[in-house]
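In this document, chain identifiers A, B, C, D and E correspond to the written order of the chains, with residue numbering beginning at 1 in each.
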């Protein structure tokens, strides 16, 4: 579907079809959208939203190819995409979670409390060049020897499985794996990224859209974000009920986990921001520079063009 | 009129010269036998006439038309039975009729009527692997007969048959020929058989095969069991044995 | 001493009774032929003696030992040539020697010395598909000969051969036998051949096959080309033709 | 006698499998394997039963994709291999392309598939076709070429047209090979659909598995695997049943056929 | 004459492929396909050349895994199929298990593989084996069973022992089937190793692809695919070469063989 080119004068009763491509499996990061769908917020805006679970590796190239109107991505991915040899014309339009809740987790018995302890350990990652730079930077900052860290790719395995064998620590979202560990009473050390370096408090995940769509059909984007924001607001206030809306759409998920995660994320979605979804240029700037400094980017990065708050609803 | 005219055929396989300047003529309604040592190239000659192999030299004409490399003009019974292992005997034998466009049921019915004559009654639904060697050969002969072209090439059709069955088939073949208007080229190793059935006998030499001798068989038809003891028969037999 | 003793064999394929109460005896150093209509069950009988098929009733004893279902005791030349398509003629013929434990080179050398005798010289490195029907049969016979067991079952070994080659092979076989101390069971459709070679001839009836008659051939050995014209020969031939 | 033996024949594999399952169950119960890695068989069955209604729709969709892809593969394979068999030029042109198409790891093309064919059934069916088409075509091609040249000559000399030669000789001769290709393809087809769903979409066992894995519900992952295996075996059973129907002469030609059909 | 024709025969597929590539190149240059989805062929080649040294180690590792897995598969397949051919009980027990093992989508078992076999070469080789073993075994099994029963009887009657029957008759008769199985397996082997690397590890083309994809370097992804394809075709070429050596009688038995060997 390419409704970007479709006439805007669609009659009120006829809903406009909109496709949202997730970054990965539907989870509590996406709850706001499922709430908006279930509670009819999208319908009120004249939208019929279809949520698609994509292949591993995110939605940036799919959105760039016009396969859907909106996608879920990460600040890091947007930065890569916009600086690739052939840049992808995508832009972040809302931050789903205000602060970076990700970090390095390890079983307690590995005794990993700071990047200094990474020395001589094995890290299980997913194969992004950024991981290497990140670990290198963190370890060097604390005077540890990066060459003594072994990095392996754990592909589709999750944290709990991979630490069973040779892996010592890995990079997780606290809102999902961390909550899981709490539920399992799994003794775990967690090093939150934002605590290590303010530059690493980047936005993850974010909602993205194609630049053409933003230019040609700003109204659609506004409508979509208005309903989505309403959904997240609801999720912030009623975590349990919001979790049920997610489960209604994705019954395969574990209910206990979803509710627990929802309760954790209720504080995190908006956090200290004036409104849900708002992003600061400074964060884009700083992290972009951080990546650039480490030779991760092929081209120059313009933070101003990578994101926008202009489509977010004004209170 | 000349049905089949083979002129100056030469055929080599690699360095092996198999046929060297072989010429043979089959007139309309004639029965012509070919005798020759094993491995001399008789089957190869048939393959050339049937259009399955191209000779290195020479021409083959059927009713005046050059047929080198052209198939479908003659009924050909191979030395190997070449029955399709995945079809029952009845279905195997019906193939020529089906290829001629008969509906399957009718083809099977028509072919079925000959089973008794060929001593195959009761074996219609057997697969070739379930038959004895002689029975397979009879089935292959029946299949060739069902193709019923006016020119037939028969490569040792009675090779694996016992004396009685063979005698019966020979007599039947003679009778059939009287009504059928067919011209037949016939390979055999049995001199009696060749004389009994033929109007003319070609004797091939050892490899590389040439026509060593041609005998006209001047025994009047219809022939019968007495033919075997006739004087002409025995004289001819002696002549041929001497040549061989 | 009795080399092979077949007693009261019965064999059915489904509802088809093929052999019914067949008994046959082969003494040491004897040559015994079996004549019978096509499809009567001669090959089946050989399969039973060779241990490849189990009879429904009856026993087979070789030198007094029950050999039903036991293979490897006799040399067996099948009616089909059964040459391995993936081996050259020389390699095919060497198989029995290799199975006996000869080193490959020696096996090939030994087998190779017989190629001239069998009229196969020059074809050592051909694949079976490249040979004529008669040549394949000779190769199969040579292979059986290489197995050189004291008991041989030969199923129409000279079926596809021309008169001359056949005659040569027959004479050769006789000569070989004199030196070889072999006992032979022999299936043929050629009455002359049966008389010329045998000490005893069994005639089987139509399916279901029983032993219809047994003839002792009292022609002194060594036999030669004159044997064919001897009185005893022709009388015996007449008798057999009458029975058939 | 025959029947009894055949029952005996069945007992062994069943017994063997049972023993393996029992060992697994025992290990799981004693805690040698962690339930979040490899749940006990009984647990998997239990999960399967309780979750079956939830899985129902996913199962239907995956089966549909697999069967559709499989059937299309057969049709395409038959056409392509006949063309390749008839025309050497075709063979020379298509063969390298076919092989090349198989060497590309499909997962790497996933985004392209999404973009070209959308999020619906199409990309999944295409992946099933890509997976199944190759073994069927290769086996069929080999089978078509395996007919005795003299047999073909005979038919040709009887004036058989090309299509008749195929019907009478080449197809029947190719049947055993064709079916062994079908068995390979059939085995892979459900898996192909599942991998296809990995590419993205809304429903199907592949998505189901990713989701339940994300909630760390290993028992549900294994229940889905169980379903996939059962579906594949069902498909194979059908193929086998058809083989017995369509290749009745096999048992007269080759050894061991009887036993194999029993199993 | 023969030679000339054979050159002509080669021209067609090359020509056809060239045309396809030219169309692709043209489309890419005109901007019909986005370079981040499907880069132009020349771009891919260029990337391949400039990045080759970087890819070298990955290529070696993937090739090693694939070839090791492939060779082990052959060994295992030969042993297993002979056992299954000799012992009906074996067949009845192993056949269902073999099939079952194939129906399980490997990616879903990835975590288990990692835990059982670590992050080294082993899990990749095992995945290659799982991928290759099945087609080889199935084809070999079918081939071993396809020998004329009478031929076996003949050998048996000459006192051939089991192993001699296999050497003289069963193996040669199974060769054509075996090689068609090898071709299928060979085609999949490199891909199997790549998928294995996807599952986890440190080096190899699979990881290389994941990494470059993360930085949206589609041209590098395609360069890697090109390498995978080239490696697979190389392996297939070797298999084919061996087939001509090991099955010399094929061309006397079957039609078309001559042409096929030309190609």
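We take it that a contact is a pair of C-beta atoms (placed from the backbone, for glycine too) under 8 Å apart; a residue touches a chain by one contact, two chains touch by 3 or more.
For reference, the UniProt names are B, C = Taurine import ATP-binding protein TauB; D, E = Putative aliphatic sulfonates transport permease protein SsuC.
Just so it is clear, the model here is predicted, and its values are computed rather than measured.
Chains making contact with chain A as well as with chain E: D. Here the spacing of chain B and chain C, counted between their Cα centres, is 27 Å. Separating the CA-averaged centres of chain B and chain D is a span of 49 Å. Note: centroid distance chain A to chain D, computed from Cα atoms, is 38 Å. Residue positions of chain B touching 2 or more other chains: 80, 130.
Residue positions of chain D with contacts to 2 or more other chains are 37, 107, 111, 115, 148, 198, 213, 253.
Contact with two or more other chains is made by residues 57, 61, 65, 156, 158, 161, 164 of chain A. Chains touching one another form the pairs A-D, A-E, B-C, B-D, C-E, D-E. Taken together, the chain A residues at the contact with chain D in this complex read 21, 24-27, 50, 52-57, 61-62, 65, 67, 156, 158, 160-161, 164, 176, 180, 250-254, 257-258. Those residues of chain B that touch chain D in the complex are listed here as 47, 50-52, 71-72, 74-76, 78, 80, 82, 84-87, 95-96, 98-100, 127, 129-130, 147. Across the interface of their complex, chain B is touched by residues 148, 150-151, 153-160, 164, 168-169, 172-173, 175, 247, 249, 252-253 of chain D. Interface residues of chain D, counted against chain A in their complex, comprise 34, 36-37, 54, 107, 110-111, 114-115, 119, 198-202, 207-208, 210-217, 220. Considering their complex, residues 13, 16, 35-39, 41-44, 79-80, 119, 122, 130-135, 138, 156, 159-166, 189-191, 241, 244 of chain B touch chain C.
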